[in-house]
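The following blocks contain the structures, represented as C-alpha cells.
Okay, so chain A shows up in both of these, paired with chain B first and chain C after.
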Partner chain A sequence: MGNFLSNARNKIESFMRDRYPWDVFTDFAKHQAHKPLPPHVSWWHTFGSLAVFLLVNQIVTGILLMVYYRPTSDHAFDSIKFIQTEVPAGWLIRGLHSWGATLMIVMLILHMIRVFVMGSYKKPRELTWVTGVFLLGVTVTFGFTGYLLPWNQLSYWATTVGTEVSRNIPVIGNAMTVFLRGGEGISGETLARFYVLHVVVLPWVVVGLVAVHLFLMRVQNLATMDPVGSAPSWPKDQAIRFFPEHVLKEMSVFTVFLGLLLALVIFSPPELGEPADPLNTPAGIKPEWYFLPTYQLLKYFPKTLGIFTSMLPPLLLLILPFIDRSLDRHPKRRPLAMTLGAIAVAASLILGVVGKISESHVQFLGKTYEVDLYGRWLAVHDETSDTGAR
Partner chain B sequence: MRGGVILPARIVGAGLLSAALLLPASTAVAQPTSCESCHFESDSALVESVRSSVHAGVGCHGCHGGNPAVPDEAAMFDDPTFKGKPERKDVPEFCGGCHSDVRRMNPFGIQTDQLAQYKTSKHGEMLFGKGDENVAVCADCHGAHGIKSPKDPASTVYPTNIPSTCGRCHSDEKKMSKYKLPSSPPADYEHSVHAQALRVRKDLSAPTCATCHGNHGAAPPGVKQVSDVCGRCHVREAEAFGRSPHAAATETGKMKACVSCHSNHAILHPTEDLLRSACIDCHKGTDHKALTVRDEFLTGFGQLRQDVSAVSEDLHKAASRGFEVGEAQVQMEEAKTALIALTPAQHALDLADLSKVLRENNGRMEEIRKSIKEKVLSEGVRRLMFLPIAIFLVVLSIGFAAKRAEVEQNRGRE
Partner chain C sequence: MVTDNGLPRRKFLDYFLGGGLGVLLLGMAAPIGAYLWPARKRGGVQEMIDAGRVSELPVGSGKAFQVGGHPILLVRAGETEFRAFSSACPHLGCIVHWDGPSREFKCPCHAGVFSADGKVVSGPPPSALIAYQVTVTGDQIKIKVPPA
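Presenting the complex of A and B:
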C-alpha cells in the first residue's frame, strides 16, 4: 500500500514537473506552511480560521440547499418545508446553513474584538482591518438577504421592518426602499432580488474580500504585541510554525466547534414557522439578533438623525486604524482605547437586550412588567393581588 | 294673495333656470316644473327631497297627477288627472297604482306583489279590515317624498336602518299598548347576536326585523312556525330539532320551539352556559333523564373542545419546528369540522349522535398524537446519535492537542 502511494506520488510529481514549474509551487506551499508565527499566537487567534471554516460550510450547504429551494413567493416556503421534512438529511443541511450564518457573525465579531484588543489593526495592517470591516458588513448583508428566503411570517415581517428603515434616508430614502423591495411592499420581486444578491452577488464579493484579507495577512504576517515600528522582540527559535503546530491547534478547536455547531442544529433546529401572510401582521416582530442594537438605537432618534446615528458605529470601525495613531499595541498601555471599546461592546449588548425585550411582558422577581417601545419597565396592574389587599 | 305667492315663485324659477345655464352641461339641473316652481317657495326641502329621491324621474305629477307643463295653480285644479294628497288609508293603493303594475315595474326589475302582501300583513289587515289608520302604511317605512332605493345606505329600509325604522312605532309603549304588544323588541334586538353581526361585522345579510317577520307582508310567526322561520337560515339546527323530543312538545304547545331556549329578539350567542341554564327553566331538578342528556352534552362538548385545542396547539408547534404533519393537519381539520357540526346536531338531543362524534374524534386525536409522538421520537433519535459523534469529536480534539504538544516537545529537544 505504502509502495503504491509512493509510486503514484512520484508519477504525479514527474508528470507535473515535465509540464509546469512544479518546484515553484511546492516551494511556495512549503514556505507558507512553515512560515514562522510570533510566539504570542494563542487560542484567541483561531476565531479567524473558524470564520473561514464557517464560510466554507455556508458555501457547501448553500449549494446543496439551492438544489431544492425555489425562490418564488408561491413555492419558497413549501420548498423549505420539503427540504426540512422530505429531503434526506435536508434538516441537517438547513440547520448547518442557518446556525452557520449566526456563528459566522459571532466569530467575526470575536475575531474583530481580538484584533482590537491586541492592537493588530495598527500600521502596517490598516487595510487588513478595513477589508475585515467590509467582510463583517457583507456577512451581515448575507444574513439579512438570507433571512427572507424561507418566506415565513417572521422573515416576511422582519424584512418589512428592516427595509422600511431605509425610507428615512433623506432625498433618496423612498426610491431606495422601492429599489430594494422591487416595489412598494415585500413581494415575490423582493424575494427574487434578495435571492440573486444572496447566491450570486454577495458570494463573489465575500470570496474576493477573504482572498485579499488572507493575502494581506500572509504577506505581512500576524502582528506582534510590540509597538508600531519597533523590531520584533521575540527570538526566531521561539517562533511557532504555521504547520504543524498552529494547524494542529486550529484542528483541535475546529473539532470542538464542529461538535457545538452540530449540537445547535440537533438540539435547537431552525424553525419552519408559518407561511408569509401579507394580510396578517404578527405581534412583536423583531429583526435578527445582530440588528437588535441598531433597531433599538433607531427608536431614540428622529428618523433622519437616527439613520446617521446608526451609521456612525460602522463608520468609526472603518476608520479606526486611521484615527488611533498611538504606537502601543498592548492593551495595558492603551487604557483609553480599551475603555472606549468596552463601552461600545457594553452599549451594543445593552441595546440588543433592550431591543429583544421591548414591546413584551417580562417576569421579574415574581412581578410582571410591560416593557414599552423604548425599554421602560411598567408594572402590570395585578387585579387579583389588588383585591386581596382590600 | 295668490299673486303674491306666484311672483316670487316665478323669480325663483327664473333664478334656477339662469343658474342652470351657467353650470357645465354635465351638472345642469332640469328646468323646474310648475309644481316645483310653486312648492319650492312654500317648502323647498320637499322639492329637494323629491329631486334626490329614487322617484326623481317620476316627477310630482307621476304620483299626484296634474299637468306640470301648465303654469301656476292651473296645473292642479284645471287638470282632471290631479289627485292631490292621498288620505292615509289610501296610501297603499296610491303607491300600489304603479308598484302593482307589472308593465311599469318590470323594466326596473321590481316585484309587484307588495300591495297584495301588505293586505295579508297585520298592518294591512288592521287598515283595510278594521279601518285603523294608526298602523304603518308605505310612507311610514319608506318615506313620502325623499324615498331612497333600498340599496342606498341612506334609505330607511336599508338593512342597518330597518331596526330603527320599525322601532319608530314598535318601541313606542303608548302606541303598542293599544294593540297589547310589547315595546321592548327593538331594544332587545340591539343586544342580540344578530344585531352584533349587522352592526359590528357590517354583515348586511344578518337578520333584521323584516327577515323573520316579513316586510310588506309583516306578520309575527306563530309558535309552531318559529322553527320554520329560524330554520330558513339555521337549516341544520332546524333539521336536528325536527328529530328531537322538543319537536313533539312544540306541536302540542308545551314548548315555544327555538324561543324557549334562545328567546326571540334578544338572541345571544349560544354558549355552554345557555345549555346549563335553559334546560332547568322547563326541566325541574327532578327530571333526571333530561338533565342527564344535558350533562352528557356538556361533558362531551367540553372534552372535545379541550382535546381539539390541546392537540391543535401541539400540532402547530410540531409544524413550526419543521416536522411534516400534513396528514395530521387534515385530520385536525376534520375534527374541527365535526366539532362545528355538533353544535347544530345537538338540537336533536340524540346521545347516540354525540357518542359517535366523540368516538370518531377521539380516534382522530389519538392518531394525531401518535403521529406527533413519532416525529418527536425521530428527533430523539437524532439527539441520541449526537452522543457518539460528540464523543468522537472530543476525542479527536484531544488527539490533535496531544499531537501538538508532542510536536512542540520534540521541537524543544531539537
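Presenting the complex of A and C:
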C-alpha cells in the first residue's frame, strides 16, 4: 500500500518535473507554509483566519441552498420552508448559513478591533486596512441582500424601509431606489436583483478582495508592535512559524467556533415567520442587528442630514490610516486613539440597544416601560389599556 | 519620431489605443445600464377602477386592496364621505391602516398618524398620504388610480 502510494507520487512528480519548473512551485508552497511570523503573534491574530473559515462555510452552504431555493415571489418562502422541514439536513444547511452570516460579521468586527488596538493599520499597511473596510462593506451587503431572500414579512418590510432610506440621497436618490428595487416598490423584480447580487456578483467581489487582502498581508508579513519606521527588531530564532505553530492555534479556535456555530444552529434555529404580504405591515419591523445603530441614528437625523451622518462612520473608517499618522503602534502609547476608539464602540453599542428596544415594552426592575421611537422611556401605569389595542 | 504637432508617434498611438478602448468599453456599458434599468410597461393614462359597493362599506370602516402593485385604502369617513389614499406611508413606505374607532390612519413602523383626510397628525412622516379621486354613482364606488 505504502509502496503503491509512493510510486504514484513519484510518477506525478516526474510528470510535472518534465513539463514545469516544479521546484519553483514547491519552494513557494514551503516558503509560505513555514513563513516566520513576528514573536508577538498571538491568539488575537486568529480572527482573520476565522473569517476565512466562515467565508468558506458561507460559500459551501450557500451553494447547497441554491439547489432547492427558488428566487421568485411565488415560491421563495415555500422553498425555504421545504428546505427547513422536508429536505434531509436542510435545517442544518440553512442554520449554518444563517448563523454563519451573523458570526462572520462578529468576527470581522473583532478582527478590525484587534488590528486597530495593535496599530497594525499604520504605514505601510494602509491598503490592507482599506481592502478590509471594503470587505466589511461587501459582507454587510451580503447580509442585506440575503435577508430578503426568504420573502417573509420581516424581510419584505425591513427591505422596504431600508431601500426607502436611499431616496434621501440628494439628486440621485430616487433613481437609485427604483434601480435597487427594479421598480417603484419591493416586488419579484427586487427579489431577482438581490438574488443575482447575493449569489453571483458579491461572491466574486469578496473572493477577489480577500485574495488581495491576504496577498498584501503575506508580502509585508504581520505588523510588530514597534513604532512605524523602525526596522523590525525581532531575533529570527524567536519567530513563530506559520506552520505548525500558528496553524495549530488557528485549528484550535476553528474547532471551538465550529462547536459554537453548531450549538447556535441546534438550540436557536433561524425562524421563518409569515410569508410576505405587500398589503399588511406587521408591527415591530427591525433590521438585522448590525444595522440597528444606523437605524437608530437615522431617526435623530432626518432626510439628507441623516444620509450624511450615517455615511460618516464608514468614511472615517476608510481613511483612518491616512488621518492617524502618529508613529506609535503600542496601545499604551496611543491614549487618544484608544479613547476615541472606545467611544466609537460604546456609541455603537448604545445606539444599537436603543434601536433594539425602541417602540417596544421593556420590563425593568419589575416595572413596565414603553420605549418610544427615539428611545425615551415612559412608565406604563395601566397595563391592560394598551396591549389590547395592538 | 515626432508628428507635426510635436507629439511623439508612440505616445500618439498609446492615446489612440487607450481612447479607443475607453470608447469601446463605454459603448458596451451603455446597453448594460439600459438593460438593468427597470423595464416598465409604457404609456397608460389614469384608470378608473371598481372599488366595491357603498352598501358593503359601513360608515367608519375601511377597505384595503391593491391595484397594479399600488396598495390602496378606501375609507368611508362619514355618510357620504368617501376617501381613497395610497396606503404607502410617505415616511419609509410601510403600509398604514385605518383605525376605525379613532378615525385615523396609523403607521405600524414609526408611529406615524394621519387624520381621516390624509394629513399628518403626529410622528415622522414628512407629508400627507397621497390621495386618489373617488366618485360614487348610485351604489358603485370608483377610484381613479395612476397607471401601473
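Convention: the second predicted complex is superposed on the first by the 382 of 390 C-alpha atoms of A that agree within 3 Å, B and C clash if a C-alpha of one lies under 4 Å from a C-alpha of the other, contacts with A are read in each partner's own complex, and residues count from 1 in each chain.
Everything that follows uses one rule, which is that contacts are C-beta pairs under 8 Å (C-beta built on N, C-alpha and C of every residue); 3 or more make two chains touch, one makes a residue touch a chain.
None of the values given here were measured: they were computed from a predicted structure.
K.L.:
Just to be sure I read the superposition right, which of the two partners does A:Glu274 touch: chain B = first, chain C = second, or both, or neither?
P.N.:
Only chain B is touched by A:Glu274; chain C is not.
K.L.:
Of the two partner chains, chain B (first) and chain C (second), which one does A:Asp27 touch, if any: first, second, both, or neither?
P.N.:
A:Asp27 sits against neither chain B nor chain C.
K.L.:
Identify the partner contact of A:Gly259: answer first if only chain B is touched, second if only chain C is, both if each is, neither if none is.
P.N.:
The first partner, chain B, only.
K.L.:
Could you say whether A:Asp78 touches chain B, chain C, both of them, or neither, answering first, second, both or neither?
P.N.:
Once the two structures are laid over each other on A, A:Asp78 reaches no partner at all.
K.L.:
Kindly classify A:Glu13 by the partners it touches after superposition: chain B alone (first), chain C alone (second), both, or neither?
P.N.:
Neither partner.
K.L.:
Once chain A of both complexes is superposed, is A:Asp372 in touch with chain B (first), chain C (second), both, or neither?
P.N.:
second
K.L.:
Go through the superposed model and pick first if A:Glu359 touches only chain B, second if only chain C, both, or neither.
P.N.:
Once the two structures are laid over each other on A, A:Glu359 reaches chain C alone.
K.L.:
For A:Glu189, using the defined touch cut-off, is the partner it touches chain B, chain C, both, or neither? Pick first, second, both or neither.
P.N.:
second
K.L.:
Using the touch definition up top, name the residues of chain A that touch chain B in the complex.
P.N.:
81, 84-86, 91, 244-245, 248-249, 251-253, 255-256, 258-259, 262-263, 266-267, 269-274
K.L.:
So in the complex, the part of chain B that touches chain A is made up of which residues?
P.N.:
319-324, 379, 382-383, 386, 389-390, 393-394, 396-398, 400-401, 403-404, 407-408, 411
K.L.:
Going by the contact rule set out above, which residues of chain C touch chain A in the complex?
P.N.:
That would be residues 36-38, 40, 64-66, 69, 71, 87-88, 92-97, 107-111, 123-124, 126 of chain C.
K.L.:
Under the definition above, what is the set of chain A residues touching chain C in their complex?
P.N.:
By the definition above, chain A touches chain C via 157, 160-161, 164-165, 178-179, 181-185, 187, 189, 278-285, 299, 302-303, 359, 372-373.
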